[in-house]
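Can you keep this structure in mind? I'll have questions shortly.
All chains are identified by letter, namely A, B, C and D, in their written order; residue positions are counted from 1 within each chain.
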Amino acid sequence: MNHANWTVAILEGVLVFLILYKIFWARRGKDLYIRKIPGLSAIDEAVGRAAEMGRPMLFCPGLSGLSLPTLQALAILKHIASAAAKYRTRIIVPTADSVVYTIAEEVTKDAYAAQGVPEHFNPEDIRFLSDDQFAYASGVVGILNREKVASNFMFGNFFAESLILAETGHQVGAVQVAGTPEITQIPFFITAADYTIIGDEFYAASAYLSREPTLLGSLAGQDYAKAVLVFIMLAGVVTATLLAVHPSLGEWLNWLKWFSPG
Amino acid sequence: MFTGWLIRPGAPQWIWAVGVLCDFLIFGGAVFLLLQLVPVHYRKALVAIVTFLAGLIYSVEFFVPGDPKTGKNFLTGFIEQVADATNVVYAFALGLGVYSLFRFHGKNLARKRQGWHNNLAFFVAFFVMMLAGFWQDLTPSSAMSKNTFNMLFDGTVAALGAAMFSIVGFFIVSAAYRAFRIRSAEATLMLAAAFVVMLGQVPIGAYITNGLPAAGLGSLFRLENVSYWILNEPNMAAWRAIAFGIEVGALAMALRTWLSLERGSFFEREL
Amino acid sequence: MSVFEKLQHIDRRITYLLLAVVIAAPLIWRLRLPIVISPSVRGAYDAVESIPEGKIAIVSIFWASGTTAENQPQTEALIRHMFMRRKKFAILAFDPQGNKFSYDLAVRIAGELGKKYGTDWVHWGYRPGANFIPLLQSFPHDVQGAIGTDYYGTPLTRIPMMRGIKKIRDIGLIAEVTPSRTLEYWIAFIYGPYRTPLIYAPTAVMAPEGFNPLDAGQIKGMLIGMKGAAEYESLLDRQDFATRGAGALSTSHMLIIALIVVGNIGYISSRRRRLQS
Amino acid sequence: MVNELFSWLSDSHITGTIGIWLAAFGTLAIYSILYKENPVYRLAEHAFIGAAAGYGVYMTWAQILKPLWWDKITGGQWYWVLALVAGGMFYFIYSQRYLWISRIIFGALLGLIAGSAFKGFAGVNIDRIHASFKPIYGPGMGLGDVLNNVVFIVVLLTVMAYFFFSFEHRSAARRVPSSIGRWVLMFAFGAIFGSTVMSRMSLLIGRMYFLLHNWLHIAS
């Protein structure tokens, strides 16, 4: 699809409207409910554990360059780096992309400054390792082992290296929390990490952690957007069934073809 | 300036290099000075405007209908240029990554910290591989440079990458052994699906149920068919449902980024 | 620690060692492990058998060093079969590494079977992936014009076996060996308009892409990863790398399953004991 | 003299053999991590990262900067110099005072990513929505088709129900679908795990074959 047709324009228009409407609604100070996401609640526990043990934490923002999942990973990093600064715990951030590396450094430096301990920030802990997938994995494996990492966070786009990182983290005894929008990698995180954030819980994470009205509102808007998709598909199933039984209704119920490709 | 008027195509590469450098200093200096004119409290707004305008390029191109014949609209040609430019600008950031690597390994090496020979190995590998790359690029007809490059690439980057990748095979075994226990209903379901699909994919699995007929009702229970059904029906539906949620989440994220509603998520410090 | 507890906590290094052994054993020694031919591999075999006289096959290569373990034996089995049945074929690579690998492979097998370049087979060389779709649209009308030259840069017009191969109707079969999502284009641009038989040789992860087209008859057969190559080898009555590799696939999967079973026996038994006490 | 010293580099047989030995030792060094972290692994890791970075610099030049930038400037399109100016903005992150300049280029990149999301969303989802319009009954549909379509819709709806965050799952009508959704999810993840094993094992087998065959010549 090179350009939007009417179906796309209207559908995306509705979704965008719902999300923005809920954002501005929440910004006016409305109270919003968000269900418990166990994996995300475990983050604070993992930070506390590292602080108690006096050992560093590791945060992998995924393998991609600058992209939407990476941005979300960096938003989560901000929260974890603040906690690290609060407890004076070291946080190591190995990155696989130069631009992501610079933003990660910014985010972490900011978090330390915001907690009033800029002097605890060590720029050497935010590293660019490699943009080669497995060179990156080999480097993270080395760091996990040598630095005796107590807590390991993996958020962002992960591919075949997911199990290498998570299994090594398990072997060195780190508490691990992971989340990725890459569906194929979720099972590997489930088997090897202690807590795994599934599917779009990943995009709910920053709202859940920060309780920022904008993000909570957006999350509520996303729920409405998904409800719209569910409604369209249910209506589609009913229509398709009616058409299968009574093909003569085709003249009246021809809206299914609005969604047909091409 | 230099590259536009003074230097003609066909001039030696080093003259071009000097020209590009001079132009960079001239234009870069001009942009830098212009930016100094922006009052401090407008900086945030400027960044937000740049973000919004950049976002308009792709979205307007998508929503404006294309010419029925060519399928292109007034922006389609431009976004191809934008894509190239983004790649180029992004590539310049590699210097920051290399700087990070040099800073880390250089410090360890200079202070002779424990294990400094590893940091030395980093530098040796870096320069040898890079130079071999440029050497074979500059001498396309030389068997010597090509062999050297292939030897180094196959012997290091390719081989170590393949070795690291294949470690996943080992880790699958230890992860499966440890995690697939019938502790709860959820874990048991996961185990059951993995078990059937794994068996259905290897020759020995097909052998187990080879006694069942190849067609008809009985064939449905052949392991390879059960495994195929799991992957194609319930798994595909679950996959699609997860993906819808992720896609909506990404759309919302894009929206917040585009309209600079997300600012506070990355950067705290005031500009 | 009781026996059952020990079964739950086998040291990971022991499991790694076991894995290395069960993989190496079938590679070093001939183990006769059963291989069942799946209908999709049989379909591919039959499609090669029935390439009409006077038409050639195209073997399209998309793979590179990363997936040699799966795609190379598939390629080898297919071209060996074509050589054995005197079916002429052309290799076309869309990956620079695959270009060299497929060429070396074909030269080796041609040497074994005494086949001659230019009369029994030809390698059309490498075309960048970006040219893939434009090429699919242009070569059906004019094979020699669209392809131009072969691996050595010789014009196709000067290659004996290419005489008379002008349009898509002179192509009797297309085999796509790939680790990527490329099949849909062959179906859209070649099978759809011209009904040229296709066979698909993907890596195991990509195999689900092929089930729907197989069901719909858009592809004649499919070789799934190393396992598919092994089944093909056994149809050719050979035991090359894939047969050994498939043996190793079976043994490694059996090891995983055995470990899961052992772990669960330990888990259930020790839980029962705890409940009793 | 120097030429003679390095003349062996023109023999692809020799360089090929050295490449195989390098690769074999590298592979063993990487595998040594399976036992435990050790100096040999550490050396291989550092060399790997170094070589990958060196290769990355060369590839960035050869595949991006040269064709998309340098060749354009030397071909007369002088305005491509501005790309270097834009790229230079990244480097202000190291300055306290001018840090904000780097935010401009970050902002531009974020905007481009955000703007392309609309196209991405439509490209992926419209077809999938259409493909989900499956009839659950009709003449000509076998029992198998009906069952498959019912399974499809139940799975799709329950899994989506699990991912609603802002509705309280207090009533049974809300809770039951979402917990079924969670079970279905786990089942699906098991299937994904199982289906990935074969390709990962194939890779490992390929690597073992390399060691046994190409290097040690044990496996024929």
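Simple rule for what comes next: a residue touches a chain if its C-beta (ideal position, glycine included) is under 8 Å from a C-beta of that chain, and two chains touch if they have at least 3 such contacts.
It should be emphasised that the depicted structure is a prediction, and the values quoted were computed from it without experimental measurement.
Listed by label, the chains touching chain A and chain B alike are D. Using the mean of the Cα atoms as each chain's centre, the chain most removed from chain B is C. Taking the mean of each chain's C-alpha atoms, the chain closest to the overall C-alpha centroid is D. The chain pair B-C and the chain pair B-D differ in C-beta contact count, and the higher one is B-D. Between chain A and chain C the centroid-to-centroid distance comes to 36 Å (mean Cα coordinates, whole Å). Taking each chain's centre as the mean of its C-alpha atoms, chain B lies 27 Å from chain C. Centre-to-centre, using mean CA coordinates, chain B is 6 Å away from chain D. Once the centre of each chain is set as its mean CA position, chain C and chain D turn out to be 22 Å apart. Counting partners per residue, chain C has 12, 16, 19, 204, 208, 227, 249, 252-253, 256 as the residues that reach two or more other chains.
The residues of chain A that reach two or more other chains are 4, 12, 66, 68, 71, 99, 102-103, 106, 129, 131-132, 134-135, 138, 160, 183, 187-188, 190-191, 198-200, 204, 219, 222, 226, 229, listed in rising order.
Within chain B, contacts with two or more other chains are made by residues 62-63, 90, 93-98, 101, 157-158, 160-162, 164-165, 167-170, 172, 174, 176, 178, 180, 190-191, 195, 198, 201-202, 231, 239, 242-245, 250-251, 253-255, 257, 267, 269. The complete set of chain-chain contacts reads A-B, A-D, B-C, B-D, C-D.
Of all residues in chain A, those touching chain D in their complex are 1, 4, 7-8, 11-12, 32-35, 37, 66-68, 71, 99, 102-103, 105-106, 129-132, 134-135, 138-139, 141-142, 145-146, 160, 168, 183-184, 186-188, 190-191, 198-201, 204, 216, 219-220, 222-223, 226-227, 229-230, 232-234, 236-237, 239-241, 243-245, 256, 259-261. Contact residues on chain A toward chain B in their complex (touch as defined above): 2-4, 9, 12, 15-16, 19-20, 23, 65-66, 68-69, 71-72, 74-75, 78, 97-99, 101-103, 106-107, 110-111, 113-114, 123-124, 126-129, 131-135, 137-138, 160-161, 163-164, 166-167, 170, 181, 183, 187-188, 190-192, 198-200, 202-204, 206, 210, 212, 214-215, 218-219, 221-222, 225-226, 229. Residues of chain D touching chain A in their complex: 30, 33, 36-37, 41-42, 44-45, 48-49, 51-53, 55-56, 90, 93, 102, 106, 109-110, 113-114, 117-119, 121-123, 125-127, 129-130, 132-141, 153, 156-157, 160, 163-169, 185-186, 189-190, 192-193, 196, 200.
By the touch rule above, chain D contacts chain B in their complex via residues 6-7, 9-12, 15-16, 18-24, 26-27, 30-31, 33-34, 39, 42-62, 64-65, 68-70, 73-76, 78-88, 90-91, 93, 99-101, 103-122, 124-125, 128, 132, 148, 151-153, 155-157, 159-160, 163, 181-198, 200-201, 203-204, 206-207, 210.
Those residues of chain B whose C-beta lies close enough to touch chain A in the complex are 61-66, 71, 73, 76, 90, 93-98, 100-101, 103-104, 107, 157, 160-162, 164-165, 167-168, 171-172, 174-176, 178-180, 190, 239, 242-246, 248-257, 261-262, 264-269.
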